[in-house]
Structure formats: structure tokens, C-alpha cells
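What follows is subunit A paired twice: with subunit B in the first complex and subunit C in the second.
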Partner chain A sequence: MTASETLVATGNRAHSHGPGSPVPLQARNERPTSYDVADFAVPNGREEEWRFTPVKALKALFADEAGTETPKIDASGPDGVVFETVAADSLKVGKPQDRSAAVAWNHAAEALAVRIPVEAELIEPVHVNVASLGARGFSHLIVDAGRHSRATVIIDHTGAGELGSNVEIVAGDGAELRVVSIQQADHESIHLAQHDALVGRDAKLHHVVVTLGGKVVRIATNVRYAGPGGDAELLGVYFAESGQHHENRLFVDHEATHCKSNVLYKGALAGDNARSVWIGDVLIRAAAEGTDTFELNRNLVLTDGARADSVPNLEIETGEIEGAGHASATGRFDDEQLFYLQARGIPEDAARRLVVSGFFNDIIGKIGVPEVAEHLHEVIEEKLARAAELSASAKAVIGQ
Partner chain B sequence: MTQTAHPELEGLGNYQYGWADSDAAGAVAQRGLSEDVVRGISTLKNEPEWMLDLRLKGLKLFDRKPMPSWGADLSGIDFDNIKYFVRSTEKQATSWEELPPDIKNTYDKLGIPEAEKQRLVAGVAAQYESEVVYHQIREDLEAQGVIFLDTDTGLKEHPELFKEYFGSVIPVGDNKFASLNTAVWSGGSFIYVPKGVKVDIPLQAYFRINTENMGQFERTLIIVDEDAYVHYVEGCTAPIYKSDSLHSAVVEIIVKKGARCRYTTIQNWSNNVYNLVTKRATCEAGATMEWIDGNIGSKVTMKYPAVYLMGEHAKGETLSVAFAGEGQHQDAGSKMVHNAPYTSSSIVSKSVARGGGRTSYRGLVEVAPGSHHSKSTVRCDALLVDTISRSDTYPYVDVREDDVAMGHEATVSKVSDDQLFYLMSRGMAEDEAMAMIVRGFIEPIARELPMEYALELNRLIELQMEGAVG
Partner chain C sequence: MATLEIRDLHVSVDTENGPKQILRGVNLTISGGQTHAIMGPNGSGKSTLAYSIAGHPKYNITSGTVTLDGEDVLDMTVDERARAGLFLAMQYPVEVPGVSVANFLRTAKTAIDGEAPKLRTWVKDVNTALADLEMDPEFAQRNVNEGFSGGEKKRHEIVQLELLKPKIAILDETDSGLDIDALKVVSTGVNRFASQGDKGVLLITHYTRILRYIKPDFVHVFVDGRVAEEGGPELAEELEANGYERFLKAGAK
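Now for the complex of A and B:
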């Protein structure tokens, strides 16, 4: 038997590497993006960007069809802010990086643009409420802060249903923009979103993602810089309970010089099949000298059966940087802290809650919007009370 | 060779991309892979039927499996243009004097006889052209019942151990390159340390690729029985050749109850070798596995030594240092799988990239359900010494148990002008100062190496850093 006969006999490779062996992507920015839904196959869960996500539950948001409803969007804000309805592709700061974002991009009838005029300083926050009405819908928001403006925009997602959304954010040169996106739709709802932010020269962007409700919530945040001196602070808080999947994916693409990024995400998990995923990609390109970046993710697992995945990835193509690093930790809260509090006469239940509030306190403080901070404290308390009931009933069962 | 305090290191310095002996290998196998080649290897070695079957299974799986969808660019490998087996013309020699002159000459340059003279190594299994030609075990080891053989001889003399353990840690279909290795493996080391025996001197082997375009597919199997200890040291060097060659080894280690194994390797393949290695150990209760892994050479390395912690209080540790110069990509890391309660693991990785080279840390820490009270820490530090090099960190953590402590930290920094200025103001040349900073950076790992290896590592770093400045 010759070598070539063997090849045929075992149904072998036609060439040296065998069929279907493309070269792996070598940097994060090589991952394809497109406005065309057809450029993305329907995910089957084996793809790198979907392998943590329960894709079976997301079929409705992968189908290339118009929504069955339009989410109800209410916007209000202080004097000076301008609301406009524009075409979805009028800005194009964002570009879909996966199937669901492309579907949302093409089927959101129009986009709501929130414009902060040049040099306007808004003391009170702008509120945008996106309410899903129980069916499948898409939304598209644009937050455009003019140069040297200051503003806070709170986007609140409520209701029930399946929502695919795109959010495009521009912080003009020298602007300071705070965008808070809250996901608190009901426990059966699904929300897939892509946020794309462009940070101008010497601008400062605070981007906050707060995920509290929803069965599957996946927010992908991408940040780019339009000029040197930009600063992005990316914060996230999530609390997944039984049956909830909270996923955050970040990509900070440093291409301009002397820019900063600081990522801090903290999450807690309680209950069976509570699940969180955090992927933080940072790319420092060869041209981005003087970059300073740090990423941190902390997960607190409160009960059995919960799972937290945490993957910080760092790609650096130049040595001329200020600093780069990341850290991630997952664990149960410190029993010693619990012991310390109990030794001082605080009942276990209250001590546990204190420890968890302590865990979240620093990040809640950084959000910088009192009404959001207050709301978060309340919801976390509620969730903790539920978790305590769970473990109490579990103990009771064991006790019998 | 000039007179220096360490003549063996002088040799190491010079071999970097030095010489190639004449291609005198005996039965030069055909290029490319086919069933004939696999059967041929098995027949030449007079292997038992079950090993041939396993090889053929490996071949089938190699053909079927895709190339990895992640990691380094491997498109430069031409599997059809590789010699999968090369037999040395010489039979196994029993003493140093019996080695043929050109092989002896090669080893002289590698510094083996000096090491032997210093009695720093317990036995030398030097792999030359896929087959071990020189192998010596000190008599006291034999008296203790320690088996230290090349893998081919091991299979002949201890078939019962092979049947039980071969492929038990890394199954034939584990990945494309493990399948390839199973199909065409040749050479490597086989070690068995009996219960309670502590081998107090490192066992050492040298490997070399020496025929153009030949693959080196050694297979190492180490069994450390209960409460025993062994430190195995493996070093790789290869002279440079015109076209790309492939090294794809498989190392399986079984560490039984309460035993400890340390595996030290520094690879310095020449800059055209694809080094794609699967290394994995299983640890029973209370056992400890330590990987000390240095990656200096090769064009592309993908190597993630793994520890499967299968028993309570088992412990896994990886210390990894990688250095990538021009045209090199070191994609290295480690994998820790916690499969039992009270297990702990730690990974420390240090990497340096210069001259457009790329270092990547890629790691996985997995905690299976039920592995409560497990602990893991991962620490990666990268040093960049210029503006054109690249450093990546891809750690992955998969925790399915709540009662664990898991941490990961990474920093990437550059050599600061202040540090350089400080050293230069004390009279050091810039490249000397740079080399000193780099040596200081990797010191925590270098000090874990046996003395002669630490020296070799420092020398290699110096060579790599030459011309790094300016």
C-alpha cells in the first residue's frame, strides 16, 4: 500500500493539516464585525464567544425577522438635553460583533438619540426607560455628549419579554459622561445587548452596568478611543439568583496614546444554577504608547450549585506603557469576617448580610449616582433575604 | 574552548545555533505519515501487538482531529514533509567511551560529560536521533529498585507496567498532537520509583533533534509509587536547519499517594522548531506534582503542563518562565484540575519578550463539583523590554463548587529608565544592566532549578538579551 492509498482508505486529509483548520485569530481586534446578519451563523454554543451562554434559550433573538412588538421607550431629562428619533445607522460608532447584535441593529425600526449639547453641564440625570411588553422586540439608543459637556444618563430596562438592543455612546473631546445601564426586567425575560463607546480626546467616560433581573442577560461593552488622553472607567454589578444567567463581556481597544482604562466588575451568586460569566479583553496596540489599564473582577458565591466564570484577557503589542494588569478572584466570603462579627454578638444572618454589603459597598460608591446606589442597596438586601431563606430551608431539610 | 570557570557553560553558549553532524542516521524513514510508516516503526522496535494497535488508533485519530482552533499560528507545519522516525546507526552504548565520536562531540558541546564528572546527575539518558544511545544509571539507584530506562527498553523489559499506565493519563485521542505522538512515538524516558524510595539526586536526560525536518516524538512515562520522590530533569537543544521541524512529545506522570515528583525542563530548540507538547500528571491523595518549565527556544511553543488533582490534599504547582526573541512565539502556561476536596494549586508564570517576539500565558484552573475547600492562585508577570514585542495573558477559570478560594493576578511592565540609569551610573553597560534586570525578574524561578540549570538559564538569557538595547 502506498501512502496515497492509505489516505484514501482512511478518508484522510487532502492537505497537510486536514480539512477545516483555519489559523486561530491572533488578536482580539481580528474578530469579525458586520452590519449584515448573514455574516454571522446562528450560534450553536461551541463558538468561543458563545460557549458560556445558554444559546438554546436565545433562538428568538437570533432569527433574522422583525420584532413582534416595539419596546416602550420613555425619556425625560433636565433642560438642555435633546431627544431625537433618528435612523438606526445614522451614527455607526458601533458595529455588531455577533448574530444577536446584528439582528437587533437591522430590526430596530429607529434609534432614540440623547444629545448633550456642546459645553452643556447637566446636574440632574437624564432618564431613559426601555420597557419590554412581553414579546420579542429591539431597541437602539444613541448617547451623544458634545465636547466639554457633562451629563449622566440612566438607561433602565424593565418589563418582560425578549429584547435585543444596541447602545452607541460618544463622549466628545473633553466631555465627562456617565452612562448607567440597569437591567431589571422580570425573571423570565431575556436581554442581549451590545454597547459601543467612543471616548474623545481627554474625555472621561464612566460606564456602569447593573444587572439584577432577567433569565439570560448578556451585555457586551466595547470601548475605543478617538484621541489621546481618554479615560474610561467601566463598572459592573450583578447578582444572579437561581436560574439566572448574567454575562458581561468587555473589550477595551487601546489604539490612541496616553489613554486610561479601569475595569471593575463585582458579582454575587446565590441559588441553584445561578450563573455569571465575565470576559474582559484588553488590547493595547503597538501605537498606544503610555497606556494605563487595569481590570478587576470579583465573584462571591453564596450557595451551592452556583457557578462563576471569569476570564480576563490581556494582549499587549508595545512595551511603552504606563502599566497593565488584571486580577480576578472567585470565592465564598471570608469565614473569618463572619466569625469576627459573630464574636461581637451579631447574629449569623445579619453578619452574612453585612459581609456581602461590604463586598459591594466600594463599587456602589463609585457609581456616583445616589438614586442608583440607593436602589441597588435595596435590591441586594432583598436578594440576600431570599438567599438566606434558601439556605435556611436547606439546613432544615438536612436537619430532618 | 576558552578557559573559564565553567567550561561546560562555555559550550552551552556556543552551541546556540551551531553545528550539525553529518546525516548518518541508519534507516532514514520516508517523509510524511502513513500506515506503512507506523507499522514500520513498530516492526523495527519489535513491539507487542497491542502497542501497534494503539499506534494505528493514534494515526486514525490524528487524521480525524482538527488543528486547534485557538493558540499560535501553526500554518507553517507541513505534516507531509516530516520524517517521523529516524534510527541512529549506533546501538545503545553502555558507557561514555563507547559512543561514536561525532555523537560524543555533540554531547561535549552540550556539557554532558562535565555534568557527569561533577556527579550532579544521577543518570543520563541522552536521546540522539529518536533513540537513546547512551544511558547509565548509577548503581545505588539500581540497588534501590529505581528503574530509569529509555521508553523503548522500558516497554520491552516491563510490559506489565506499560499495559497498566501507558496512555492512562493522556489518552490516545486527547488532542491532535497527542494522537500523532501515540502513532509515531520513539524514545523518551521511563522511570519507576518504588514505594518509599526518595531519589535524592536529579535524574537527567538530554534530547536533541539532529536530522533536517525530522520530528521528535519522544514519550515519557514516570511512575512515582507511594511516598516516593523523584526529580527528573529534561533539557532540549537543537542545531538550526533550513526548514521547519516539529517536536511533539507526550509526558505522562503518575504520582501515587503521598509521593512527590518534580519535573524540570528547559527547552532551547532552535528557532525553526514547532514545539507542541502534551504534559500531564495525576496526583493521588496527599501527592505533590511540581512542573518547572523553561521555554527559551523554538519558533512556536504550545505547552501547558497539567496536574489532575484526584485525591484529597493533593497539590499541584507550576513555575514557568518563557523568553521570546525575534520571530518566536511562546504560548505556554499550565492547567490545574481540582477533582477532590482540599486540593491546592499554584501557577507562577514569568515571561520576557523582546525583538518582536511574543509571549502568551494561557492557563486553565478547573474546580469540579464536590472539590470543596480547594485553593488556587495564579500569578503571571510579563516584562517587555522594547516597543515591538508582544505579551498576552489568557487565564481561564472554571469553578463549579462554591467553597473554594480562587485568585488570578497579572501584571505587565516595562524595564524602567530609572532602573537602567541606576545600574549604568554604577558603571554597567546598558545591555549588561538590561540582562541583570531580566535575570532579577526571573530569579524566583531560576532559584528552583538545579544549580547547573540555573547557570545555563542565566547564560541563555544573556545570549537572548545580546543586542537587545540600542
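Now for the complex of A and C:
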């Protein structure tokens, strides 16, 4: 995090990842995955995949024990969508990559499968609400979009408690599937999740992670391709306030030929100990000729005392690709923008709102679901109003 | 008719080696209907004067006063100064990603007027202002100054001047970096603003070139943080012929 903005855009050139962000020694595809909790030690915070995470706060979701509640799950959608309750291990597109995902896999009593039939075109979104009820629970969702189907599935996480979850996503051949996962449980809640997506031949997956609530929210999203021509757009929006930790870890595994991935995550941070972590791993395997990938993370630090970590990693095993790059930029709120807007008569608080909504504008436009965009605008306004109150009261204290 | 009065203005900036005095007692009165040119060599404090009047937080006013129609400008926030009728066209207009020119202009106009402009006439006004500055209407949909060329940024400043209708406009090196065609377009815009009769213009420039297109009523030569000499348009002609040498020697005494 620096006062001025740094932008690193790369192709295949050697380049610095900045201090404090070493490229891990272990290749990304060598990380262990297992359905057995015992294969993962309880994290102590020194592991590569946990070193940015406040593991002490997560003990309840590392314990190999049944939940103390079953989260309340409500699902609804337009005609055509099919909801089914199935065994957690009925699909196995996902495979836990860490302790908390393995615990959730084994202790979610069953999975809710959302099935979009072959060639179904659903205009209205499917809604799934996962509500924590104040205790420790687990959820497991399967979103299975049939060949040549089109659908949008919004998974909304609300309530209060500690939630471990797995989400498995299949976009069948030629399907266009949009999955939006919103994390907005209360500010004391913990949520650890793993999403695994399999993108079919010529399928298009839009995967959107919106994190607004929670004390610690960590979402690991893994994308693989089942055949050539797959396209994954992975979007994320987060806004961490004082005491919130918002973490996103992505792994795009290119093995099929002529597939695309485009990652764009944007976050704002305001308040003491507001914290964000973004890890973007992309692996282009030797067989994945014709791959086209780009990932970008941008963070806007609005106040002192907040911290954003951003680590893009790109491993390339073949030169026969269309393009590969990544960029990461973390900037402080630009006072010159504020001055410019104020010099045109716009009051300071309105000017701040304008700059921040401008920062998020492009990504909110790409989400492509009007109800989510509208909700995001509202919550961002609320968060900015709280940040403005905090800074006003801080100024008042200094002035005394 | 508006009057901006600057009296004995002293301004410093904070540097690693402590505060550095930049303005050392500036006196200037700009009334509606007048165009003033401030000319001076690099580092003489011209831009500092502009930004100090607009209220940029980097500049510390150590003494002196600035009033607009008797109201204390230095006591106002940056946005209050703009709403009181001051406008600063910046030398380096700032990019605001994700905020469209249309949204920006409407938000600014609403803030200045205290009410939202009437939609139908407003869209027409924006398009007219863009056309007057020879800017394509699609600029309204672009993000503020993002990807604009130097000339486009300066024209966009004058578009704002035309739409926001301040009492006093301060133009900070609006001519720098413009090719001759853009300079003519921008100058025409400034003249259109000034010709309304009740508007004051303070034109800050390093070069005499723009004074072929914008005729000042008063010329002030700025050296070492204060006005070294004042006169009419003939002073600009002398500077065109002889440069700043005479004043720099005087300042070095």
C-alpha cells in the first residue's frame, strides 16, 4: 500500500511482485486436496494459504465436529428450475483444498442442488438464501446448468453465526451461467467458503463474489475447464470496514485449449483494521494452447489504519497462448480528485461518494444483474456514510 | 458587479526543510467586466496564487485577506468558494475514473445552483457548450478527463466555465500545451464568457501568445511572489519583445 498508485501489467516478462509478496515455491497444482479432514492439519497461520488470515478467530470452523445448527436455506426461482436435496458427495466437481472446506464437506448434512435443465433459458434469477441462525453450521450447494441453458443464480448469505460452505458449479457445454454469491451476514459473523466451477466446452461462466458483511469472510474460488472454448469471467466486489477481514483467493486452472479467463476484483477499505486480501493464481498448463487470461485487482484505501494485500501469481507452461497478464494496484483516496470536484462546488461528502462510486462503477456494470447492482449502490452509500461519520468524529476529537 | 479583492496575501508551503514562503504580499483587485492577465517567469508563484484563492489544502495562508464582494473567501471551504462564484480552470485537470462528464457536470451545476437543472434545457446547454468548444457530444459519456488529450482537458475546463457561470474565473495557464487551433477555440470560449459584461477574468500565463486572442484590460507582472509592475496591454507587448529579463534583474537586487 503506497500513497501513490502502482500498476504492474505483465506479459511473459520477468517482473517484480513487490516487497512482501514472494511467489510461492510450491507450484499451484501441487497443493493437496482431499475429502478427508484428517489430511489437513489445523492451520497455525504460517502456512502459505493461511498467512494472511486471522486463523485464531476461525477455530470453530477447523474443528472436525458436527455443526450446532443447520443454516436455514430458502430457494425460489422461475418455472423450469429444479431444486433437489442430494448427498454432499453426489457430484464431486469440488474437492476441499483446506481444513475448513473439508470440515464443511463432511458436516453439511446434505447438499441443495439447483438444476437448470438442458436448453432452458431462464430470464428471471434463481434465489437461494442461506441464513445463519446464530450458531455454527455448514452448507453445501450445487449449481448444475445443463447444456445450452441460460440462467442466473443469486446465493445470498445472511444472518449471524459461523458458516463453512462449499459451492459446486457446473456450466454445461454451450451454457451461459451467472452465479452471484453475496456475503452480507452481520459484522460478527465468520464465513469460510470454497467454490469449485467446471466450465464446459464453449460455455460461459460469470462468477461474482460480493462481500459486504462479516467479521472474517474468506472465499476461495477455483475454476477448471471441461473442454475447449470455455470462458470464465470472475468478478469480485468487497468493502471492508473497521474490524472486517475480506479475503478472496482465486485459482484458474487452464488445461483445455482456447479457453479464456478474465478476473476483475475491486475493493474499498475504510476504518481501523479494515483488511482485504486478494490472491489470484492462474496456471496455464502445457496442453492449454490458445489460452487468453488476464487478472486485475484494484483496492481503494479510504482511511488510515486499513490494509490491502494483493498477490497475483501467473504460472505459464506453454508459450502458445493468446495472452496472459495480471495487474494489481492499491491506491489511497486521491485528495486531488476531491479538490477538483469541490472546486466545482460539490460538497466534500458528495465528492467522496462520487469518487468511490466511480471506482466501483465499471465492475458493478459488469455484474449484469440489476437487483444486485442496485443493492450494491445502496450498501456502498451506507458504508461511506458510516466512514464519513467516523472521520467527522475523529476530527472533532482532535479539535477538542 | 462582483469584486475579488486580494490584500497583502502571504502564502507558504510545507517542505522537507520546513515552510517555504511563496507569496510575499500580493495585492490585486478584480472587478466584474475586467480581464486581468498575470504574467511571470516559472516559479514566481502564479499558480500558487490561483490555488490559494481556490483553497487547495497544500497552501498555508500566513497573512493577508481575500474577499469576494466583502465576504471572507479564506474562511470558506473549497466547495463554498465555488458556490460563492469563484472558478479555477486548472493547469492539470484531474481524472476521475468511473464518473461520466454528464454526471459530473450535472452534479456540479446542482451544487452551484442549489437545485437540479431542468432536464430538457440542461441537455441542450451541455451539448451547446461542448459544440462551442468543438468537442464531440460523446464526451458527455466519457469519464471525467480520463484518456483526454491535453487540449481536450483544457477545453473541458472552459465547457465547465460556460455551464457553471461563476462571477470570477481564474484561468491557470489554460494556454499551456495547446496547439494554435485549440488555443483559438479556448480563447473564443473565454472571450464569450468575459463578454457577458459582469464577469471578471484573471488569466495566468507564462506566454504572451494567448494575449493575441484575449485582450486584457490590466497586465500584472509577477516576480518572486508579488506583483512587480502593473500596466495596460502595452506591458504585455513589452514582455513579448523583451521577456522577463528586466524584472528578474530587479528581483535579484
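Rule of thumb we're sticking to: the second predicted complex is superposed on the first by the 374 of 400 C-alpha atoms of A that agree within 3 Å, B and C clash if a C-alpha of one lies under 4 Å from a C-alpha of the other, contacts with A are read in each partner's own complex, and residues count from 1 in each chain.
The working rule: a contact is a pair of C-beta atoms (placed from the backbone, for glycine too) under 8 Å apart; a residue touches a chain by one contact, two chains touch by 3 or more.
Not measured: the values here are computed from a predicted model.
Q: Given the touch rule stated above, what does A:264 touch, subunit B (first), subunit C (second), both, or neither?
A: After superposing on A, A:264 lies clear of both subunit B and subunit C.
Q: Taking the superposition on A as described, I'd like to know which of subunit B and subunit C A:311 touches: first, second, both or neither.
A: First partner only, subunit B.
Q: Going by the contact rule set out at the top, does A:369 touch subunit B (first), subunit C (second), both, or neither?
A: neither
Q: Determine, under the contact definition given at the top, whether A:358 touches first (subunit B), second (subunit C), both, or neither.
A: Only subunit C; A:358 stays clear of subunit B.
Q: Considering only touches as defined above, state whether A:48 meets subunit B (first), subunit C (second), both or neither.
A: first
Q: Based on the superposed arrangement, let me know which partner A:66 touches: subunit B (first), subunit C (second), both, or neither?
A: In the superposition, A:66 contacts neither subunit B nor subunit C.
Q: On the superposed three-chain arrangement, identify whether subunit B or subunit C touches more subunit A residues.
A: Touching more of subunit A: B.
Q: Is A:325 contacted by the first partner subunit B, the second partner subunit C, both or neither?
A: Only subunit B is touched by A:325; subunit C is not.
Q: Based on the superposed arrangement, let me know which partner A:75 touches: subunit B (first), subunit C (second), both, or neither?
A: neither
Q: Just which bits of subunit A does subunit B share with subunit C as contact spots?
A: After superposing on chain A, no subunit A residue contacts both subunit B and subunit C.
Q: Contact residues on subunit C for subunit A in the complex?
A: 54-57, 77-79, 81-83, 87-88, 90, 93-99, 103-104, 107-108, 111-112, 143, 160, 164
Q: How about subunit A: which of its residues touch subunit C in the complex?
A: The contact residues of subunit A facing subunit C are 334-337, 339-348, 350-351, 354-355, 357-362.
Q: In the complex formed with subunit A, which residues of subunit B make contact?
A: Residues 30, 32-37, 59-60, 63-75, 77-81, 353, 382, 384-400, 402-415 of subunit B touch subunit A in their complex.
Q: With touch defined as at the start, can you tell me which subunit A residues reach subunit B in the complex?
A: 1-3, 6-7, 9-13, 16-24, 26, 48, 286, 289, 301-321, 323-332
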